[in-house]
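By letter and in written order, the chains are A, B and C; residue numbering begins at 1 in each of them.
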Amino acid sequence: MMKLTLKNNLFVMLIFSVVVLTAPIWLSPIGANYPDLLQKFAIFGIFAIGFNILFGLTGYLSFGHATFLGIGSYSAVWCFKLFSMNVLPGIVMGTVIAGIFAFLIGYVSLRRSGIYFSILTLAFAQMSYSLAYSVLTPITNGETGLQLSSEDPRYLDALFSVEVTEGLPSTNLFGQLMSGYPGFYFCATLLIIGFYISLKIFRSPFGLKLRAIKSNQTRMRYTGFNTRPYLLTAFIISGMYAGLAGSLMAVTDPLAGAERMQWTASGEVVLMTILGGSGTLLGPLFGVTIIKYFENIFSAMNTSTLNEFFSFLPEFLQSIMVSISQHFVGEGWHLTLGALFMLVVIFLPGGVMEGVTLINKHVRLKLGLRYDDPSVAQSEPSGIEAAPASLTDSQKEEKK
Amino acid sequence: MSYILDIQGVNKTFGGLHALSDIQLKIEAGTTHAIIGPNGAGKSTLLNCCIGKLIPDTGSVTFNGMNMIGKKPHEINHAGMVRVFQTPEIFPDLTLLQNVMIPALAKRDGMFSFNPFKSMSREGVIQQEAMQALHDIGLEKSCDQHAGSISRGDKRRLEVAMGLIQKPSLLLLDEPTAGMARHDTNATIDLLKRLTSDGMTKVIIEHDMHVVFSLADTISVLAQGRIIATGSPEEIRNNPKVKEAYLGESEDE
Amino acid sequence: MDVFLIQLLNGLDKGGAYALIALGLTLAFGTLGIVNFAHGALFMLGAFCAVTVQQILTMSVKVRDESITFFEAYKEQPYLEIWWGDTGTAIIDYAVPISILFVIPIMLLIGLALERGLIKHFYKRSHAEQILVTFGLAIVLQEIIRAFFGANPIPTPAPDIVAGSAAIGSFLGLSDNLVYPWWRLIYLAFSSLVIFGVFAFLKFTTFGMVVRAGMADRETVGLLGINVQRKFTIVFGLAAVVAGVAGAMYAPILPPDYHMGMDFLVLSFVVVVVGGMGSLGGAVTAGFLLGILQSFASMNEFKAIFPGIDQIIIYLVAVIVLLVRPRGLMGREGVMED
């Protein structure tokens, strides 16, 4: 874990901020330095960090987090329509309303744990999705998606007599338009704040208690903790992160559609978190970066780029390679994603972060350095005592 | 005379089977009370009724003058009754130090507290307290190890430390030495004698007569869901009913 | 009354599909302890087996169209028609029923391969990891299908003889206007048959007895010296077959597309949870029950009172059931408590 080497929060935050804010520079060699993609990194980063606070710390696997993403988007767009094109009220509203919904859904779903919790969140997500498409059309504008229009009242903007330009207005932060790099820096700032909060939570007694719940919830109860409020708080916090991410999507592109709430979207954030390494601070961010970057590259590829790529091969090999690999790029990107995901879950359940730890250990051993990492538990079988617990007295009595 | 735990007329049936019938038991403050009995006598059921895991069909459980029936496990914990489990219930993914800090935090923070911005590194007092507890059980060297990776005997000890750090007014020990080798058993007896000399009330459920007679002030014998005798170790040793119950058991087995 | 009957049949029909998928899910969960998010993909694979059989049977060649004489016209004519004339045409017509013959061995093989190659490594891992890996598998399977068959639904008609509707109204002595598609009736009968088949298999064979014992207490059965491992493999294959035939038979009702599995999976999981994890009877009951509920909720009378109720009724019921009866309608104690 990071804690071993980087105990100082300030130091961590300094490095993190520098890395995030200079992303346009160091990402340019791999061609990922254009604002649209950078914004995506930051927004999904916030989403995944929040999801990790729930799943990584408490182990509760929610399959409905995209609901809050969608709610955040809708709220922000409504805020743009009703009040102001300034983004601050928009993201505040998106975050708060998502938090309220997270409270309601979490309050019900957290009555159950394990797979039942996953199914309950999934059920709520599908309900929200269906309703957004059908009955709630006056609020969500159904299949078309919620859009800005020139007839929107925008009371606050009118109050402060913000200049009205021709056509549709753009989102701005006190006049600074939120497209291109300014948009990225805005999202990046929020990502840094979000990361800081997550860091604090991870290193607080609250975070420790959440991890203890993941480890043994029953014991937590007998230790004197009322676990449900803890879980609910974690659920609300992660819902608010999702709401913030959703409203930032609306900031960069003021349009909200129900497909954002589909359960495949929830699956995506699960995927990104696991790929990076759930329960670790940086893992989810790695996951986001990897998935969004390769999505960007792979989905843009087509047969001709593949032909070019394999042009060093003899012709018949080239055509074979192209015909195989074409299924994995472009539209087939999801195939790559699914396969990658399976490989990670099978071979590296701890995600990229586990891989980093393993490589680190390996290298150190090779170099003959001492390496003691407590996170790699040495399980020592201890003879009779470790034999499969036969029915104990208490269990027997309960069975009767 | 003050009784810290007062169990009156507790009945519990499981599908027609009387696990507990009309249990009357008073436990004096500051003593060590052992409950013994053959397998399936209802010892653990009785314990579970006290701790809020099971709700008795009839009867009352009063602890420090408070009714405990229908209370949630965490409420019972905060009332001052703490249980040490038979199969070690620890937090396998946390370090030993964290394992002991959790109950200490429970004692301080109550059932729920939301302080996400307090840093763990500012919890010096709790940390010291936890280190001391680990030192007492001789595990302070492995405080950074994951609790899931230590031996079962160590897990047992760790759990005792987790119970003791909350300074309960009543400690319930569910077969603290079950499955231990003789040498470990003696170590545990020493540990319990050493760490709880300050007048903490203890209820021990145990098979091992050696443990019972070295720790208990009073012994109750449970057989087929009834208390058949209560008295000092000497009285119990010579009680014909008790002998019969245990002989009966040996025939069964 | 007519409307009521039609909705009931609609519900039973849909419920049949839910029940079949839920049955397989429960089999896999109850015996193997595997939460299989790829089960919907197996349903979809079954449907695409039907599509493939149909496409193979209708493989065509361009021939001169004799009926048009004033210029050279060509038409596509299936080989089967050329070779065997009317018999060939009939075979093509019966593509879907014929495909069942292929679906069973193919799905069995796929099921066995999946269990041996992937699932067996996940018995000891957490449910969350099982969900994740099978979710990945589902994505892979559906994307492979998309790569070969495209994204659009592929119409797979039922045989002509049952293409029309049955006049069940006049049959039952009700209104003559009351008609219902034959194929849907057949599907209903078929799904009931499969369900009874599975239950009979579990009830009356030694193998089934072991499986049921395994569902009740897996560890003990393992201790009895029975080769549970091999039985598990077969159970998974069986679950895959049930899902596959359910999908193949559903193809004429809903033209298969690559994501139909996911759509059915989410609902089927809800069905399983409502029925009670690990209870076969619960899965079937809940499947039909929720199918009927959904069908009635889509009646205009209900929609007028609660707009959108048809969209959410199943989820709503699931939420209520889970909160009121944590173990589902027929769930046993101790199954998936945490």
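Convention: a residue touches a chain if its C-beta (ideal position, glycine included) is under 8 Å from a C-beta of that chain, and two chains touch if they have at least 3 such contacts.
All figures in this text were calculated on a predicted structure; none of them were measured in a lab.
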item: Contacts common to chain B and chain C (chain labels); value: A
item: Closest chain to the centre of mass proxy, which here is the mean CA position; value: A
item: Distance between chain centroids, defined by C-alpha means - chain B, chain C (Å); value: 52
item: Distance from chain B to chain A - Cα centre to Cα centre, in angstrom; value: 43
item: Separation of mean Cα positions, chain C and chain A [Å, integer]; value: 33
item: Residues of chain B whose C-beta touches two or more other chains; value: none
item: Interface hub residues of chain A, defined as touching at least two other chains; value: 218
item: Residues of chain C whose C-beta touches two or more other chains; value: none
item: Residues on chain B engaged by chain A in the complex (per definition of touch); value: 14-15, 17, 19, 39-40, 42-45, 47-48, 51, 72-74, 77-78, 82-83, 85-87, 89-95, 98, 101-103, 105-107, 109-121, 123, 144-146, 148-149, 151-153, 162, 166, 174-175, 179-180
item: Residues of chain A defined as touching chain C within the complex; value: 59, 61, 108, 111-116, 118-120, 122-124, 126-127, 130-131, 133-136, 217-218, 263-264, 267, 270-271, 274, 327, 331-332, 334-335, 337-339, 341-342, 345-346, 349
item: In the complex with chain A, residue positions of chain C that touch it; value: 35, 118, 121, 125, 127-129, 131-133, 135-140, 143-144, 146-147, 151, 262, 266, 269-270, 273, 277, 307-308, 311-312, 315-316, 318-319, 322-323, 326, 336-338
item: Contact footprint of chain B on chain A as seen in their complex; value: 7, 9, 197, 200-201, 203-209, 211-212, 214-216, 218-227, 229-230, 233, 237, 374-375, 377-380, 382, 384-386, 389, 392-394, 396-398, 400
